[in-house]
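Okay, structure first, notes after.
The chains carry the letters A, B, C, D and E, assigned in the order they are written, with residues numbered from 1 in each.
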Amino acid sequence: MTLLFQLLVNGLIVGALYGVVAMSFVLIYKASRIVNFAQGEFLLIGAWTCWWLLTSWQLPFWIGFPITLAFMLVFGIVLQVVVLRPMIGEPIISVIMVTIGLSIFFQAMMKWMFGVFAKPFPTIFASPTVNILGLDVQTVYVMSLVISLLIMAGFGWFFKYSRMGLAMRATAFDQQVAQSLGISVRHMFAMSWAISAMVSAVAGVTVGVVNGVSSALSFFGIKVFPAVILGGLDSVAGAVLGGLIVGVLENLAHYLDSQWLNWGNMYEIAPFYVLIVILMIKPYGLFGTKDIERV
Amino acid sequence: MANISLIPCGDFKTRYAADTTIFPTRTSRNFAILGVALLLLCPAFMDRYWLNLCIQIGYLGIAALGLNILVGFTGQISIGHAAFFGFGAFSSAWLSNSFGIPVALAIPLAGVMTTAVGMLFGIPAARLKGLYLAIATLAAQYILQDFFSRADWFTGGTAGTIAEPFSLFGYAFDTDESFFYVVLVYVVVMYILATNLMRSRDGRALVAVRDHYLSAEIMGINLTKYRTMSFGISSFYAGIGGALYAHYLQFVSVEGFTILFSIQFLGMIIIGGLGSIMGSLMGTAFMVLLPEVMQAITTALSGTAIDAALNLREAIAFLREMAIGLVIILFLVFEPDGLAHRWKQIKAYWKLYPFSH
Amino acid sequence: MNAATATAAVTPASAPAPVPGTAKAPLLSVNNIEVVYNDVILVLRGLSLEVPEGEIVALLGANGAGKSTTLKAISGLLKTEDGEVTRGDISFAGERINGIDPDKIVRRGIFQVMEGRRIIGDMTCQENLRLGAFTRRDGGVKDDIEMVYHYFPRLKERTGLAGYLSGGEQQMLAIGRAMMARPKLILMDEPSMGLSPLMVKEVFSIIRQINKDLGVTILLVEQNARMALQAATRGYIMENGKVVLDGTAEELRNNEDVKEFYLGGGNEERKSFKNLKSFKRRKRWI
Amino acid sequence: MSGAPVASPRGYAHPADATRAASPSDTIFEARGVSLRFGGVQALTDVGFSIRKGELFSIIGPNGAGKTSMVNCISGRYRPTDGKVYFKGQDITGMTPNHRASLGIGRTFQNLALFGHMTVLDNIMVGRHHLLKNNFFTGSLYWLTGARKEELAHRREVEEIIDFLEIQHVRKATAGTLSYGLRKRVELARAIALKPDLILLDEPMAGMNLEEKEDMARYIVDLNEEFGMTVVMIEHDMGVVMDISHRVIVLEFGKKIAEGTPEEVLADPRVKRAYLGEDDEEDEAVAPPPKQEVA
Amino acid sequence: QKIPVGHLADQSGATSDVGVPFGQGVADALAYINKNGGVGGTTMDVETVDYGYQAPRAISQYKKWSSGSGKVAAIQGWGTADTEALTGFVGKDEIPYYSGSYSGHLTDPTGKGPHGSKPAPYNFFYGPSYSDGLRAMLMWAADDWKKKGGSGKPKYVHMGANHPYPNAPKEAGEQLAKELGFDVLPAVQFALTPGDYTAQCLTLKQAGANYAYLGNTAGSNISVLKACQTVGAQVQFMGNVWGMDENAAKAAGSAANGVIFPVRTAAIWGGDAPGMKIVKEISKVSDAAGTAYRPVHYVSGICSAFYMKEAMDWAKQNGGVTGPNIRKGMYQKKDWVPAGLEGVCVPSTWTETDHRGMDKVNLYRANVTGDTGGSVDELVKAGTIKLEKIATVDVPRKPEWLGW
C-alpha cells in the first residue's frame, strides 16, 4: 500500500511539472490559437541558459535563475518580432508549421552551442531531497510546484480581469476584430510568447536540475499534450489540473502494470486511453470553453 | 487562404462535361501525359540515388495525399499519420508473410485493413473538433506504436519483420529501377482517384464539412459519417503508402513510425498547400529533397576555403539542421499558403499576362 | 455617367467639391483612392469623399459597390484582408493615415463598427464593452458601461456569452462597443442590419444622440437609405467603386433617381413587392 | 429522384393547385407546444402553429424573440426541450438535421453560412447531396461507375437554379470573396438545390438595398408560386412581409403573441407596441400594401 | 585510383551523444590510415555523412554510395535505424557494413541460426553483441552474488523502452538469467528520453531487485539512475554498451557510481597497452594538441575502422578491394587484432557462418566520487570519474546463441 501511496504523491509532484509546461502552451494558445511545437525547445533553451550562467559564470542559483527568466522574456519577444510577426494574419496552421521549423532550428542550435552530451547541474539545494509523506522528492520539484501554483493563480486573474488579459483573449478569438478595437495584435503576441517562454524556462530548469541538461529534454514539449487537452486547451487552471491528472495516471498505470498486469509500457500509454475516454465524455476537456455553434 | 476567383481569358466551355475535366485545358492535359511519359524514362538515365528519392517522394506522397484529404479537405488535423503509414506497412508484410498472399494483392488489402483501423480511431471525430481531435490522433499514434512493439504475431515485435519484394507474374520488382514503376503506377492511380473523389459528391461533402459543418449538416450531410469516413480514406492512402514502403525496404521496424514522422507528414501538406491534391506531392518533394540539398551543400562546403576559414567541421552538421529549420520558416513566411498556391499564382500570372493586374 | 438623370443640385462626383458651408478642413478626407484585393481584384477606382467634423455623413450604394471596402481602407483593416490602397490618400484631422496599422488608427480616434457585428463570442457582454474602451485610459469606463446599458437595456439582462445572443442583440452590442471607445469618428457599417423596425428607429436615434451629445462624427454606411438620409447631413452614393452622386441629405432625398432606387417609389405610390414578379430593371449612372 | 434529368423544364413539379390549401390535411408542418431553453434563457415558450402546403409563412418579432430558434427547431439544429414538431404528418422532433434535409427541409441562415473556400457552383452542388447517389467509391472511379453521368445531370439542374437567381457571372468565384448580397443569393440557391418542400429563410433581405430586396422578393414569390415550395420567412422589413406573405405569426420573448394574415397581425396593438413602435414617422414603410395582382 | 568508403554517423540526431565520439574515432582512424600508407598504398576516399539518425536519409545516402561508378567498397555505419533498414540492401549489393548496432541477429550471416531471422551476410561489428554483453554481465552478477554471500536467489530485471534496441538482448538475457539461477522479475519499461522514472524505481525497490539491466541510451539511463538514487533503491545496475560511458557518468554524478558495463576495447584511454601509441597518434588527427580525453566509444570506433582496413589489405592482394573480397578478408585470421593496435582491440574472429567477433567481454565499473562539475578531462584526471576494469568474462560461441 505504501507503494501505491508513494506513487500517488510522486504523480502529483511530477504532474505539477507537467502542469507548468502545459500552462506555457495554453498561454500562447489563448492569445493566438497557435499550438507551439517548439515549446520543448523553449524548455531546453531555458535549461541551458541557466546551466551556463551557473557553471560558466559561477552565479548562485538565486541570481542565475531570475536572469534566466528575464532572458527568456526577451527571447520570447525577439522571437515573436523576428519570426512570428510576419505571420500575423496568415492561416494558423502555417504558423504552427513555423513553430515546427523553429523546433528543428533550436534543437540543432542548442546541440551546436552546448554539445551533444548531457551535462549535470551544479548542486543547488543544500538538501537535494525533501521527504514528503514518506517519499523522498527532489527539492527542485517542490520549488516548481510552488512556482506553478503562483503562476497559475496569477494568470487566472490576468485573463479574467486585466485589460491586457481581455485583449489577449480577444486577439485569439478574432485578430481582425481585435485590431479594430485598437488592440495591437503584435504586442499581444509578443507578450504571450514572452510569458510562455518564461514559464517553460521554469520547467526546463527543474527538469534540468533533476536529470541533467540534454537535448532530449525537449521531448517534454510533446509529452504534455495530453495534459493540455485534458484540462481544456484554453484554461490555465485546467492545464495544471490536466498535468496533475496525467502525472497521477502515469503512476497509477505503472502501479497496476507492475503489480498485476505486467504488460509493460502502461505508464506511457494509459494516459492516452484515459484521454480518449474523457474527451468522448467532455469534448472540450475538463475546463475548456465550448466552441459557440450558432447559425 | 484567399483564392483568386478570376477565370482566365480564353476559358469558354460549351458543355458541362468539358467544364468538369481534371485538366482545364487540352494543353495542360497533354503536358501531364507528357510528364508521366517522361517519368517512365527516368530509370534509364537516373542513378539509384535519384530513383530512391523519387520512390520516397512517391510512397510518402501517397500517404501525404491521404493526410491532405483529412486535414486539408476535411479540416481535421491529425498528428498520428505515421502510425497509420506503419500499420499499412506491417499489414502488407503480414498478409504476404503469413498467408502467402501475393504482394501485388497484399498492398491494396493492407490499404483496406488500415482503413478499418483508421475509422476506428476516427470515431472520436464524431464528437471532437480542432485540436482536441488532433490530440486524440496523437493518442492513436502512441497506442498504435505501442501495439506494434507488442504484437509479435503481426509485426514481429520490436525485432521487426521482413517483407517480400513486389512481384508480378514471377518478375520481382526488387531493384530501384523496377520498383520505380510500381510506385509510379500507384502514384498516378491514387492521385487520379483522389482527384475524382474531390470532384464528386462525397469529396464535396468533405470540403463542406471543413468549411462550415453546421450548414453542411443542414444540407443533408451526415457529419459523423463523413468525419469518420475521412479518417478511413486518409488511412487508406497511408496504408498504401506504407505498404509500398515496406516492400521497397523489404524490412519493417517499429522504430520508423514515430511522432516526428507524423509531424513531417503535416509539414509536407502544409508546405505543399492544404486542400491541394498536387500540392501534397510538391510538399512531399520539398520535405524529402530539402535535407538532401542541404547535405549536398554541406558536402560541397566541406574542405573549401569557407570551411577552413570558419572552422566549420563539427559545426557543419548542426548548421545544416538549422538551415533546414530556417528554410521551412522562411518558406512559410514568404509563402504561407504553400507551394500549390504559388504554382497557381504563377499559372494565373501567365494566363492573364499582360493583364495580370 | 448618366448626368441627365441627376438634378442640377447634385455635384457630379468625379471632382469632389469642397463641402459647401464649411470653411475649415474636413475631419476626414478620402482622396481618389484605389483599392486592390489580393494584388489583382480592383475594387475601388478613384473614390473620394469628405466627412466634416461633427456631422453624420451617409454612404449608400448597392451590394458589392465597395462601401465596406471604403470603410476598411479608412480604418486600416484592409491590410488584414489582403487588400491594399494602391493610389490616393486618406487624411484624418489633417494627417495622412493610409498605411498605418489599424490599431494605431483607433488610437487616433477612428473606430469602425464592422459589418456583421463581429462581437467576441466567447466573452460576456460586459467584457466586450470593456474591450471597446481598450484604448482609453481614463476612469470613465464603468459609467460608460452603464450608459450603454441605458441605451440597450436588453444587454444588461444577458449575462451569458455574447456568442449566444440573438443577431439583433449582437448588433446592439457592437454599437455599444463603439460608444465605449469614445472616438472622434465612428465608421458604421450597416448598423441597422437585422434589427427590428422598432430597434432600427432606436439605433438611428442613438446615432443622432452620439453625434449630438458626445460630439462624435459619423460616417454611416447603410442600406436603409431612408433612415440614413434622415439622420445624415450629407450623403454619397457609390456604384462600382466610385462615388457617382453626392450632396446634402436634403438634395439626395429629393433626387429622382435616389428616390427610385434607394428610397422606393419615385413619384408614384410605393410598389408592392408582390407585383415585381418577372419585372426587371437595371439602373446605373455609369 | 434518380440522377436522370427530370421531365419538367426546371426540374420542379408544379403543384396542382398553387393557391392556398384550406383543408387541414394539407398541413405540411406543425409545431405543438414547442419550448426551448438554454440554461437560464427561455428562448421559446409553448409555441404552436401550423403551416399549410404552398403557403408563404412569415415569422416576425423583436430581436431576441426566438425566431431563429424556432427555425432551428424546424431544421433540426436545436431540439426543443418540450413539445413536438411534425413534418408531413411525421414526428421529426428527434431527427437529425441531415435526415430532415432528405425529407425536404431546406434553409438559409441569418449569419451567412456558405462554404467559404468552395466555388459558388460547388456550394450549390452540395445542396444536391441527398439527391446524388455516387459515393466515395464510385466517385473515385468516376468514369467507370456512372458517377460522371450523374454529376453532369445534376450540374444541369444546378445551372437552372443559377440562371433563375441570375448569378451566372460568379459561378466559378470562391464564395468567400463575394459581397454580402451575392452571398445571400448563393445561399438561397444552395437551399433551392435541395429540392425542398419546405424552405426556411432567415432574414433573406437583411443588408440589402431596395432594389436588391425587390429582386429577392421576386425570387421568393417565384419559389412559392412557380416552384410550389412552402416558404417560411423571418424578416424585419415590414414592407416585404406585408406584401408577400400569406400568413404571419409574431413572437415576443419566446411566446407567440399573434397569428393571422398580415393585415390582422398589423392591426394588433400588442404587435405595434412590441415590434413596430408607436410613432408613425416611419409608417409609410409599413403602410397597407396595394392590391395584389397575381401574375 | 582511390577506394571509396562511406561513413554514416550521427552527429546531430537522437543518438548523437554516443554517435559523436564513435564517429570521430572512425573518421580519425580512416584519416590516419590514409596518411600512413592507406590500404596497401592506395588511399581511401572517405565520405563522412551525418544522417541525424533518420533512416530515410540513411537510405538515400546509401543509394548514392551503392550506385554508379563511385560504388563504395565498404561502409562504416552507425545505429539500429540505419543498420536494420540497410541490412537487406547491403546483402544484395555485397557491401560490407560495419556498424555500431550490435543486435544479436546481425551475427548470423546465413540466417540459419536457431533463432533464424533474415540473413545478414555483409554486416559486421566490432564488439560483443548486446546479448553477449548482457550475458557476460549476468555471469559476473551470478559470481558477484555468491561473492557477496547473498542469500536466496538474486533477482534480475530487464529495463528499457519497448523498442528494437533495448529489447534486442531481452529474451537472451532473461533466458540465461534463469539458467544461472536468477529470479527473473517482469521487465520494467521506461522511455528513451529523459523524464521522471521515480515510479519505476519505487517498484524496483519494492520488488527487491538486485541486478537491473539498463537497455536504453545514456540520456534516459541517467534519469533512472538519479531517480533510483533519490528514492534509495539498492540495485546493482548493469548498463548497455552505449548506456554508460564517461559522459554519462559525469551527467549522472554520484548516481552512476557502481554501474557495471561492457567495454569493447582491451584498454581505455590513458590505459597501458602497446597499441595505445597509435591510438594517441590517431587522436591527434582531430586534436592536434593531443590533450583531449577520448571516451570508450572513440577507441572502439578506431578498432572498427582498423578491422575493415586489414580486411581491405587482404582483399587488395587477393583480387581487388571489392565488397565480397573484403568480406572474405574478415574471415582470414583467427583471434586477430589489427596490426599496431595490440592490447587495444580485443582479439576477434569472424567466420562465414558466425559473425560473433568477440568471445571475451571486458566489464568495467564506473566509480564516481564527488562533484562532477567541470570537463571530462579534468574529472578523469582528478580521479573523480574512474572506469575500473573488474572482470573479463568468457562468453562462449554457443551454437544455440548464434543470431540471438
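The rule we apply is simple: a residue touches a chain if its C-beta (ideal position, glycine included) is under 8 Å from a C-beta of that chain, and two chains touch if they have at least 3 such contacts.
Here is each chain with its UniProt name: A, B = Branched-chain amino acid ABC transporter permease; C = ABC transporter ATP-binding protein; D = Branched-chain amino acid ABC transporter,ATP-binding component.
Treat the numbers as computed from the prediction; the structure is a model and nothing was measured.
Counting one step per pair of touching chains, how far is chain E from chain A at the shortest?
1
Of all the chains shown, whose C-alpha centre falls nearest the centre of every protein C-alpha atom combined?
Smallest centre-to-centre distance to the global C-alpha mean: chain B.
Write down the chain pair with more C-beta contact pairs when A-C is set against B-D.
Of A-C and B-D, more C-beta pairs in contact link B-D.
Starting from the Cα centroid of chain A, hunt down the chain whose centroid lies farthest away.
D
Based on CA centres, what chain would you say lies at the far end from chain B?
It is C.
Need the CA-centroid distance for the pair chain C / chain E, whole Å please.
A distance of 76 Å separates the two centres.
Centre to centre, by mean C-alpha position, how many angstrom separate chain B and chain D?
Each chain reduced to its C-alpha mean, chain B and chain D end up 42 Å apart.
Report, in whole Å, the distance between the mean C-alpha point of chain A and the mean C-alpha point of chain D.
Using C-alpha averages as centres, the distance is 49 Å.
I'd like to verify one number: the distance from the centre of chain C to the centre of chain D, where each centre is the average of its C-alpha atoms, in whole angstrom.
29
Which chain B residues touch at least two other chains?
Where chain B meets two or more other chains at a single residue, that happens at 1-2, 5, 146, 149-150, 214-215, 218, 318, 320-321.
Can you list the chain C residues in contact with two or more other chains?
As it turns out, chain C has residues touching two or more other chains at 37, 41, 81, 164.
Where in chain D do residues touch two or more of the other chains?
Residues 68, 77, 109-111, 113, 177 of chain D touch two or more partner chains.
Tell me, which parts of chain A touch chain B in their complex?
Where chain A meets chain B, its residues are 29, 35, 37, 83, 86-87, 90-91, 93-98, 100-109, 111-112, 222, 225-226, 228-229, 233, 263, 265, 268-269, 272-273, 275-276, 279-280, 283-285, 288, 291, 293, 295.
Where on chain B does chain E make contact in their complex?
Residues 47-49, 51-53, 56, 146, 149-150, 157-160, 162, 174, 176, 249-251, 253-256, 288, 291-292, 295, 299, 314, 317-318, 320-321 of chain B touch chain E in their complex.
Please give the residue numbers of chain C that touch chain A in the complex, ascending.
Per the touch definition, chain C meets chain A at residues 75-77, 79-81, 101-104, 106-107, 111-112, 114, 118-123, 127, 130-132, 134-135, 161, 163-164, 177, 181.
Sort out for me which residues of chain D touch chain B in the complex.
Going by the criterion above, the answer is residues 75-77, 96-98, 100-102, 106-107, 109, 113-119, 122, 125-127, 129-130, 132-136, 138-142, 147-148, 151-152, 155-156, 159, 170, 172-174, 176-177, 190, 194.
Show which residues of chain C lie in contact with chain D when the two form their complex.
37, 41, 60-64, 68, 115-116, 154, 158-160, 164-169, 171-172, 190, 193-201, 223, 225-227, 261-264, 269-279, 283
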